[in-house]
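Data block below; observations after.
Read from first to last, the chains carry the letters A, B and C; within each, the first residue is number 1.
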Amino acid sequence: MGPFEYFEPETVEEALSLLRKYSDTAKVCAGGTDLVVRMRKHLVNPQFVIGIAGIRELDYFRFEDDEGLRVGCLTNIRTIERSPQLQERYTMLPQVARQFGSIAIRNVATIGGNLCNALPSADMAPMLIALSAKAKLVSIDGERIVPLEDFFTGPGKTVLRADELLVEVRVPTPPPHTSGVYQKYTTRGGEELAVVGVATLVTWGSKDERCTDVRIVLGTVVPAPMRAKEAEAILKGKRIDDELIEKAAQIAADESRPRDSIRGSADYRREMVRIITRDVLRQAFERTQSAR
Amino acid sequence: MAGHSVVGKSIIRLDALDKVTGKAKYCEDLKLPGMLYGKVLRSPYPHAHITSIDTSRAENISGVRAVITGRDVPEKRYGPSVFDQHTLARRVVRYVGDPVAAVAADSVEVAERALGLLKVEYEKLPAIFDIEEAWEKNPPVIVHRDLPKYELGKFPPPRLVPDRPNVCYLRTLRHGDVERGFKEADLIVENTFSTTRLQHCPFEPHVSIAQAESDGSLTIWAGRQSIFLARQYLCKIFNLLPSQVRVIASHYVGGAFGCKVTLYTEPIAAMLSMKTGRPVKLTFTREEMFSSGGTRIPFVIRIRDGVKKNGTLVARDMEMLLGMGAYAGSGPLITRNCIYATVATYRIPDAKIDAYAVYTNEPPVTSFRGFGSTQVLWAVESQMDVIAEELDMDAVELRRRNLLEEGDTNITGEIVHSIGVRECLDKVADSLEWGRRSKKEVGPWKRGKGLALGNKYSMAPTGALAIVKVRGDGIIEVHESADEIGQGCNTVLAQIAAEEFGVSVDEVKMVWGDTAFTPYFSRGSTSQRTTFNVGNAIRLACQDAKRQIFEIAAERLHEPPQDMDIKDGTIYVRSNPSQGMSITELFTSERTLLPGEFGDFVEKSAEILGKGVWVTRPAPSDPETAQIPENVARMGGRLAGFFGYGVQGVEVLVNTETGEVTIEKVVAASDVGYPLNPKMCEQQIEGGVAMGIGSALWEEVALDQGKVLNPNFGNYKMVTSMNMPKTDNVKVFLISAPHKEGPYGAKGTGETQMTPTAPAVANAIYNAVGVRIKDLPITRERVFRALREKAGE
Amino acid sequence: MPGEKGIYMKQRLELKVNGQTYEVLVDPWQSLADVLREELGYTGVKVSCNSGNCGSCTVLLDGKAVKSCIMLAPLAKGKEILTIEGLATESNLHPLQEAFIEHFAVQCGYCTPGMILMAKALLDENPNATEDEIREGLVGNLCRCTGYVKIVEAIMAAKEKMKVTSSR
């Protein structure tokens, strides 16, 4: 690994000026659980590494009444998993976090790092997209807010510019009678990357038993996490039964674009998208109904 | 067994304290003054000519102390059986990962950077990956064109097949007349099974430190098995005498499972040290472990069995192709020995086996826990269930009808001794509630049970020596050369010495692992041979030491030595136990003879040195038929040291929608001869089961055009804590069919327990959902596809 | 590839390991595991996969388990690092160490330090962890020798001992 020069900015401003200066010769390192592995394999060979772990102001989450949850990019996955407040108000996020790596990884890996590395198998992304989360990106020139749905552009690729830092994730408060479920499917069971990852978020109307809104977001089986909009469309506004769920799952599978890999052939993975989508939809519907 | 005070008890492992406190030292932890770090440049192509190597830029980096290429290595090839390998490729590379050049530098980082500046030009050659294609008479690619001219070793005796140019060894067995057998059969069942490459994944990777000494000799510290085998190979490579090569592994070794019997780092580190005069450490990265650190042999096995309606096996014909990869390594020996798995368990009147060792341009293979038996039993024990199904017979019953018994003659003509397989089978069937179907099935999850029989021989010839030193402090110091690779051999060996002297293991000190100081052990801790061979050598050495002690005591006590015995450090007269003396009293203080502070010594011999030699000899057998002559067999001539037997039963859940398989329960019964340390037997068994489950369901070194696609623990999937059944659902039974030559009847057990797992899992899956998977591993996708195919029928 | 100044400067780093404070000069690309092993001699920290998958290199930072092979050393600044060498007191082994010995949870020993420290983090956080919770908690700590059976048994036994000790 290396060689590279290492910087430890203590403020966001310092980090931004380093980013402006070194641009794409630099890599930002938060927890490093992805980056260190990739540098060791020489998949990336930055000349400069900007270690932001010391910028304590970026390690937080808080609730703002008008805009919901705000999570600083340095918040680690274990914090999300263990927070009683998140457990109460955003149950689906701890549920995702628990499926992420192992405890020792979750203790270090950050939400910002997971999103910016943009692996198709990144576990946090699908649910955050389902929740209509946005990312706050800042540079010396200012800031911009980008919906996470538009953030990812391909495997390892995002709209983040070389001089920008993702500093915060904003997650709107889910409407009442909403529940979300994420499930990853792997080849063994254990600490491993997803072969298929599906997040769903379901909202029921307050009066009748129709589903007023639904999100189905696919991970891993697409170059970048993606909403299965056609599948969503056939559920939205409908009374939901098992037949409809089966149908939506099939459509989601058709919308996925898995590739052949050592983790499974495209055909198999597509079929697993169907099964996992069906299972998460069932679970989400059951949860919302039992909560009503 | 009655009357034993130390053996047969679960004595706490001697290494456990150091290992839980972080004090245990491994080769990877060692540092020598002035030590350099080595790195190896490897071929990116599966088959190519090296047209040029430019080392100048790498040599000019600050901190680089030596660069070597194929030009620097001895012209003579080496290898365990076929001498087909150079330390660094000289003209041709034959697999992705073949070593091409090496660097020694002040740090790993500098060495790595230097590798990036080596410029190698290749001319690509066509490559061959398919074992069956490579085996053909006119293969499109010949991996070693000069094979007929290569020097061949003596073990196993060479046997090339002139019209199959990629075959470097052929093993054949002929027993009875197989065609006659098939004529008598009511049913003939034929199937083809295959196994894949596994990596051993020892947690400490291959590592050694080499120091070229100024007198031309060589000292190597290595994290390995078989220090004497390493010495032998290094002598061959560097044209040195055994006394000029010292191999040290007196530290702990972080797992081995077979792969550390081969030379990987040592010759390269040695050459770098010769060039620099400084100690050089070479550690494989995890990626190198997968590409170049040895894998288990992939097999293609065609098996054809003839049976009677009543289930009696009458004929078996097997043809096996073993993929060596680019260099044969221990592959020919595995090809020779793998047939024993078929020999060990069942009566078969007429049998024929052909096993071919075949070169391809894939990474070279090496020994792996089971040494070929595991792969053969994957086919045999799957096939037994297929036969049972076709005969509509219970799978346990079919096996019971065909089991060999003590005193039977097996298909090599050997007379069977120490066979506890029937008792193992009964135990497993009983514990698994065989024949009773569990009901608990939810949704797409179906439940099934399966079992399989396993066995593993221990290779002969084996020679083991032990020296026992007794000194004035009363401590029994045992010198031997078993490898402490995690199996805990020192604990069991110390128990044996303690038993012989009637003391506790606290009074025993183990000294091991240095060819210059500890006595010979031919192939080291491989082939589950340590307890049996070194254990016996230690018993003999203890007896020799005791004989000397009794002779000295006899003079003092004025009693005949044959009346003496020893217990708790006290020598006593059997006929008058109150008369005795301590070991310490045998020794005279030098102070009584000379002024000044000296140690204690026995006037006659200064220290008491007992020596024990144990040799396990194989019976001679016919090179074409593998048959042991009848008169030799009658005299007790044996194929191998012993056979260990193990039976496993598993209960699985199979998801019919996804193909997912979970192991709900494992029952393992193992015939260990006599459990010298029951808990440590359990350790080996549980570990074997876990590795077996991994090999059954997930483990595979995936290759594309010879390149490893998953060279890391993220994508090579071994068993995790989540994949094992709950602790209550892992049941282990120790069975004792004592071996007449084993120490206290004991046999080895390190390998046996990996041999039945995979077929037991496959049989359970069939029982659950009715699909028969014939290729390992049984991935979720394979099960899924088989279920689809079945539904489409 | 030169850095900005044409050379790479080693960085001065203060680390607190097992209660001792060290000042070390490190290359910025050195992992915490590398610094602990190679610079400070804590070779009880084992590196096996070197990619964050096996957990042999697990150490505790302020009581939290981390995989030190994939952590750049500066991230441990200002934290209390506990390695296996610091777990036992002068006179007593930790109950987990005792249990690993007594329950035969040790074979080659390479995963053992990381396994014990991970188990400590688990039990410190959840003193009543069930077998399932322990097995789930160990999923990032691989072992090639044991099949985990005796490891899980040892941790379950240590759990009981630790409860007794802490209630005293």
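The working rule: a residue touches a chain if its C-beta (ideal position, glycine included) is under 8 Å from a C-beta of that chain, and two chains touch if they have at least 3 such contacts.
None of the values given here were measured: they were computed from a predicted structure.
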item: If a chain touches chain A and chain C alike, it appears here; value: B
item: Between A-B and B-C, the pair joined by more C-beta contacts; value: B-C
item: Chain centre separation (chain A, chain C; CA means) in Å; value: 29
item: Whole-Å gap between the CA centroids of chain B and chain C; value: 30
item: Mean-CA-position distance for chain B and chain A (Å); value: 45
item: Two or more partner chains touched - positions in chain A; value: 1-3, 190-191
item: Interface hub residues of chain C, defined as touching at least two other chains; value: 27, 29, 50-53, 139, 141
item: Touching two or more other chains - residue numbers and ranges from chain B; value: 109, 714, 720, 722
item: Residues of chain A that touch chain B when the two form their complex; value: 1-3, 41, 185, 187-193, 262-265, 268, 271-272, 275
item: Contacting residues of chain B [partner chain A, same complex]; value: 109, 113, 287, 657-658, 660, 662, 697-698, 702, 709-710, 714-715, 717, 720, 722-723, 779-781, 784-785
item: Complex contacts: residues of chain C adjacent to chain B; value: 27, 29, 37, 42-54, 56, 83-85, 87-88, 93, 96-97, 100-102, 104, 106-113, 116, 131-132, 134-136, 138-139, 141-153, 156
item: Footprint of chain C on chain B - complex, ascending; value: 10, 12-13, 15-26, 28-29, 109, 200-205, 252-255, 257, 285-286, 485-488, 679-680, 682-683, 686-691, 712-714, 718-722, 724, 726-727, 730
item: Chain A-touching residues of chain C, taken from the complex the two chains share; value: 1, 3-5, 8-9, 11, 27-29, 31, 50-53, 55, 58, 61, 64-67, 70-72, 74-75, 77, 118, 121-122, 137, 139-141
